[in-house]
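Chain nomenclature is as follows: A, B, C, D, E and F, assigned in order of appearance, with residue numbering initiated at 1 for each chain independently.
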Amino acid sequence: MSKTLRLFHRIRGGIYPPRNKHFTRERPILKIEAPERVVIPLQQHIGTPCKPRVKKGDEVGVGTLIGDAEAYVSSPVHSSVSGKVAQVAPQPHPLGGDKLAVIIENDGLYTPDPSLRAPYPWREMPPEEIRKAVRSAGIVGMGGATFPTHVKLSPPSDSPIDTVIINGSECEPYLTSDFRLLVEEADLVVEGLNIIMKAVGAGKGIVAIADKKIEAIENVEATARGTGIEVFPLKTRYPAGAEKVLITNVLGREVPSGGLPMNVGVVVNNVGTSHAMAHYFAAGLPLVERVVTVNGSAVVNPSNLMIPLGTSFSAAVEACGGFREPPGKVIMGGPMMGLAQYTLDVPVIKGTSGILALSVEEAGYRIPTEPICIRCGRCVDACPMNLVPTYLASYTHAGKWDELRRFNILDCIECGCCTYVCPTKNPIVQLVKTGKAELARMKRREDKRKEELAAVDAEGGGDDGE
Amino acid sequence: MFRYVLSLGLRLTLVCLVAAIGLGLTYSAVESRIVEMELEERGKAGKEVLAPLDAKPQEIDEGELAALQEKFPELVSVFEGIDENGNLVGYAIVVKGKGYSFFTMAVGVDMEGKVSGIEVVQHEETPGLGGSVVENSEFLYQFIDGGPEDFVLGEGIDAKTGATMTSRGLTDGVNYTLEIWRDITLKGGQ
Amino acid sequence: MGDRKSATGELTNGLVRSNPLLVLMVGLCSALAVSTKVENCIFMGVAVIFVLVCSNVIISLIRRFIPDQVRIPIFIVIIASFVTIVDLTLKGYFKPVYDRLGVWIPLIVVNCIILARAEGYASQNRVRYAAMDGIGIGLGYTAVILIMAVFRELMGTGQIVLFEKTIINFGTSSMPVIFIMFPGAFITFALLAAALQWYQDRRKPEEGGGS
Amino acid sequence: MDWSLVWKALLALAGAGILLGVVLAMASRRFHVEVDPRVEEILRALPGSNCGACGLPGCEAAAEAVAVGDAPPTICKAGGPDVASEVGKIMGIDVESVIPMVAHIHCRGGRSVSPIKAIYQGVNSCRAAETAMGGGKACPFGCIGLEDCADVCPVNAIAFDDDGIRRVNIRKCTGCGLCADICPRDLIEMVPRYQATFVRCKSRYTGKKALQLCKVACIGCKRCEKVCPHDAIHVEYGFATIDYGKCTNCGECVQECPTGSIQLWVEREDHPEGGEFVLPRKRKKDKKKGSEEKGGSSEETAKAPMEPGDIGSGDTVKEGESPDEQGEGGFDTGSKSSQAC
Amino acid sequence: MTENKLVVSTSPHIRDTANTRKIMLQVIIALAPATIYALVIFGLPAFWVLLASISGALLGEFAMQKGRRLPVTLSDGSAFLTGLLLALTLPPELPWWIALVGGLTATILGKQIFGGLGHNIFNPALVGRAVVFVSWASYMTTSYFKSAAIGIANTSAHQHIVDLVSGATPLAAMKAVYDPAGATFVPQGLNASNYYKPLLLANPWGCIGEVSALLLILGGLYLIATRIIDWRIPLTYVGTVAVLTAFTGRDPLFYTLSGGLLIGAIYMATDYTTSPLSSRGKVIFGLGLGLMTFLLRFWSNNPEGVMFSILFMNGMVPLIDRYILPRKYGKLRCAEEGG
Amino acid sequence: MAPDMNEAWRYFLLFFGAVLVYNFILIRFIGLCPFFGISNRLETSIGMGISVVFVMVMATSVSWVVWNYVLDPLGVGDFLYIPAFILIIASLVQFVEMVIKKTSPPLYKAMGIYLPLITTNCAVLAAVIESVRPGFFKMNIAYNHTFPEALVFTIGVSLGFALVLILFSAMRERLDLAPVPKFFCGIPIAFIAAALYSLAFMGFTGMFGL
């Protein structure tokens, strides 16, 4: 039955942008050294920011805890180099704004923190312990959203997880870091999948890989032979890797609106996350480095690099031979969902899957300064979430918030398909983001107003305060 | 409370009373005039189409008209044409017809069944198209002195280009009156 | 709201500042339907002015006698009575016009109720002002439908025929007939309304570009 | 004369009058619904424009809320103090003490003083730019300058000069607070109408770093805090904030501020915006230079921190400025001109 | 400009190469064969109509945009396409000034007054056509080709009617065959199947664009293949008409090939701006169009009803777009829940 | 059977004609004020549409009775029909308003605000006059002013009114987002849209011989 469902129940939308993976596809992961100074932001995840645990002048080693928070939805931060803390101060952050970061002078020795030790072999650990270990390793989702993985691995008892999917689709153009991991270290990825399955008590594990990545599929199939882990070849199409799309295409299940994968008994994790997990359980080193694809027409020598966190973008590009020409746009992540940076001084963080430097020419196309739409309907057809993107843009622009809710703006995954296909280059995603932010602000304001009213009531008088 | 309601009601009633008296008086003052106008209005078309016969229209009685209307639903009214000597010299027949939209037309027919006059009393044809046809005596002249055989569009009657529907509607209307005329005269003959 | 000062003020007020058609947006139906012919508009305008003035005067005369609760029914009766008088008069003396205006004559009652009601709210006006106001509003209505009718009849037929006399004749039969048809009525009114917005905008230049 | 008709008419109309009167009278008693008469009254006192600034669906809803006690009589900000006091009267609450509020924008960093960090491409709106690294201007806390506040203002009270410095015309501002709600950087605050001393910066950076990003920033030096005789100004989160309840507008802090971040608002009858900011050179709260020209607040007078050389070349790519290879795409970008009604 | 500053914008940072102009160009290309063929058959008069209509459309667009001080976007091709489509729906021997007024009305009243490309509610070309149709109905119904049939499609029976009545299109002739009571003339010995060949290959008795159904269909297939238009609207529209006509005992093939149905279904009902956005909406739109055309063709005063159908359904689009949305993702809950 | 079919067909045509061919708003120009006043939001239009159907049907029923059993037999119809009908409509509206206010507050919330608007809507009065009083009916179809006919006609008219009202409000909501030329913002553009839509409705002229 499930096979037929898989055939019939597929996500309709999606696009086929030029994939541009050939520059780095064949390039093995190269480990690079950290620069003189690393800048490690105290927030590299979704959730409560960490409080610094070190101060200026402290000596740190590789893996030393430098930031942590009490909150559950949070993830600690560790030093990626050994050396001395130079400063704790706000620094430009690749996600925007200036955020508190620990700046460390690298002594170039990479002395591990003495307190580090390999954890118990995970097979003997109860799920609870595994989650604790995952948290203390600072592991967060490396697919881009940087959601703390230990939270994901703790499903409430009323939503049992039956399937874990490793998301190896890497549907973004230009990016090849997950692909390289699957080719070079498939064993660790499969190991990580096993850990996750154990942690959530799932019986089924699937590695979903785009069908064009034949080496990766063969490699993982070979590694996983006999373990009961399945490899699922995905049709190569953007956004095959988006969580909801992935689940529907692989399992024929639809995550309810506003819901989470766990509501349909699934956990999805990125290849990098799985790899980091296995690496931690094997070597005991917390998450202090990650694979980053440095790519784009402005880069001399596009490569896949293993980069210590906190390394600046400029150092990473330097390691690839520098710029061929002054870049027009530098993006953290892929071209479809990545964030454009205004400076190269931002550090690589846990969620940096790629650094993309586009030439001035590629960056120079004009974006309309307000929504323009000829109602061609392409965005509607492209949207994997079956929304009406053009309305979301127009209604945001017109400030019609009720209409936005009516048209389910909150279901938008900001994949960018609509904007990609639009013949008038309507900046839909930007307006959707704006609209979502505005709705959130309104909600906050509303809550505040209610609170205030309640407070007035409590005081027991219709007084004339401000 | 009751007195209050009573006072409201009384005042309202008083206004109604005054209005009723005023209106009643006005109506009775203009009533005869209205009836007259209506008669004149209806007779006017008859008068015009019977003018070539030097006859005055005189409405046939209601029972007769009702009987005819039973048979010819589009019939509006029939007038007898009486000349100075009191002789019946023809009929004016008023019918409704449909071209592009509708019209009401009066056709004068003499005792031989020849069309003595045609007048479109009221119409909603498109101005400039059908409108210019119903107001265009050139087209209507084609019927004068024709009959009692039916007219055929395209043979003897030339349709106006661009307003064939109106032309056809008018032709059909004339033929319809001729049919009514036959019915009346047949009965009269018996 | 309107500061009621002088009788002439009342008059111009109805003509422009609170023009029933363009500003208050009442009486649209008859305006659009009747303005196919200038002739119709003259009769319609006179009818509306008559009803408005008479009912305004009467209402103003008996305003102290009208209890607030039954204000509306009394207005209705008074206005309907005058409309009926117009109705009967036209029927008796101008039968062709009566036939052409058809249902629009009885429908005058509806517009006038709205206008008179606003009157009733506004304040206890003295008879003189009330009459002037009636004339003003009535003239405002008439002026607009006349403008519309002149435009529509000319554009649509190339000529203006008044009481069976051709006043203006372009001498062509190829005018865009659409102007005397339904869409033409809407378009003409849209143009007028746009012109009014343009006029108002020009009169207060303070708010320049902006949103 | 046909009198019988008159009689019949009398019968019919008077009958109808009586019947309707009785039926309606009875119905009105039978179906009477008690409504708070105050709702009507309040509704009449409100402006009736249903602007929604109060956060309720319309004036009627607001009137109901006030009558029931769910909302204070001052709920209608658009109506200003007059309406508030009238509503207060209806509700039997004294609202004489209500001070009218106006909007104040806590940033004065124009393009010329806060260098640009990047070329922003995208929707012409501050809130939208906030989703793209905050647009092009260097200061991450300052005004983005894409005029969302001006667009939302129902009375066009906010104007921008060529340098991108915003001013609120306090004569026009009704205190509705819509602009304060919309600013993505929370720069706009509703302040008492007669407050005169303002900190015109909200940069969380201190010292040199703050100055790097904007030459007129508050550097958090706390000198104002020390000189204030009324304990009304405090530096928190890197910038100074005035407690308007305590501030007496004595101007001590204005004199003290090294970057000119604190300024005095001077009312001017003749000024089209109701007044302007001045930065007194000496201990004189006088009005120097009544410079009327646009953007000519007298800021330059003190420590003119501006260098003519770096007048920012458009930090945002607006229409027409960028390579026109999309001209073929055939859309217009005529920014504000083609907005919906 | 600002040297060496990076560009910031929101994702996505790459875009498809499609743009408005390319799309319009494709449609013009699809229409080119039919247009050229029509010019060959109708000759100079049709050329003047074409020229007047297109210049009217361009002029209207230009004047409005200049007047509003907006950037002039003639180069996007949409006004040109509007003018072209309008011309294709006009009779070949129409006086040029009517075509000019049509073109002007199309872009001014049909498009720019609503705010320009993407904002109009009614199909501009059809607004232009409807306005001149109503304004100069006599020209519009009589300016058809009057000379003898052309070699490839000689229908002597129809030729006879053309000689008899001005402006007799095949549809009008068949209306007379089926409903002699309501018709203006009764053609003798005429049969719907007589028309198949001329309608497909060369039909001189109709509007400029109706000369060859085959070329129109080929153009349509090209547009569908290049994904410029969605197949749903043409298919449901033509399908509904065919089914309903067959159901009432008429000849479905004749009624799908004749009149403005194909040009309307393929090129006008599919106009982006005035058709629904969602696939489901498009199907409903097509069904509504089919029903309206069926009703209007057989029971209204005019033999043809495509123009009024499309305008009528255009008015429904905002409502359709509001209530007929794509199926929302996340409604279907766990299909496999049982296991 | 056959006559019944004919009768049914006649009723269908009466209905069809009232909804489309003789659409009150676009073809007959009746009821324009509330139409342009209310048609800018879809929700309101739906509420108004329902209210109009309701009031029109009730008003016609009552007026039919009054005309046929009071005014006409007394011979005073010719000069009392205007005050009589408008009074009936006004009191009916007021009565309905009071009743639903008392019995169903939610319904009152939905419909109540539109009721006063309906009194001053000439569509209701026109529907009553045309369907009840001889001499005003427009369509080209046999019509004898019987009760069922009046009812079918009124339902058709009111549904036609509601239909166009609702279509139009959806249209105007879209127009709200459009950069319409400044002086055409608001009312003028609504009239332009109405013009074009009435152009589309002209296609129905003479349909089914109506």
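Observations
Simple rule for what comes next: contacts are C-beta pairs under 8 Å (C-beta built on N, C-alpha and C of every residue); 3 or more make two chains touch, one makes a residue touch a chain.
Only a predicted model underlies this, so the values are computations on that prediction, with no experimental measurement involved.
Between chain A and chain B, the least number of touching-chain steps is 2. Annotation of chain E and chain F: jointly contacted by A, B, C, D, touch as defined at the top. Centroid analysis (C-alpha atoms only) places B farthest from chain A.
Chain C and chain F have Cα centroids lying 22 Å from one another.
Annotation: 42 Å between the Cα-based centres of chain C and chain D. Centre-to-centre spacing of chain A and chain D amounts to 38 Å, using the average Cα coordinate of each chain. In chain D, 5, 8-9, 12-13, 16-17, 20-21, 117-118, 121-122, 128, 131-133, 136, 317, 319, 326, 329-333, 337-340 are the positions where the chain touches two or more neighbouring chains simultaneously. In chain F, the residues that reach two or more other chains under the touch definition are 76, 78-80, 83, 87, 91, 176-180, 182, 184-186, 189, 192, 196, 199, 201-202, 205-206, 209. Annotation for chain B: residues 8, 12, 15-16, 19-20, 23-24, 26-27, 34, 100, 126, 128-129 touch two or more other chains. Residue ranges on chain F touching chain E, taken from their complex, read 42, 166-167, 170-171, 173-175, 177-181, 184, 189, 192-193, 196-197, 199-209.
For chain E in complex with chain C, the touching residues are 101, 109, 131-132, 134-137, 139. For chain D in complex with chain B, the touching residues are 1-3, 5-10, 12-14, 16-18, 20-22, 25.
Looking at the complex, you find that chain C touches chain F at residues 25-30, 32-33, 72-73, 76-77, 80-81, 83-84, 87-88, 102-103, 106-107, 109-111, 113-114, 117, 178, 181-187, 189-191, 193-195, 197-198, 201. Residue ranges on chain D touching chain F, taken from their complex, read 5, 8-9, 11-13, 16, 20, 23-24, 27-28, 30-33, 337-341.
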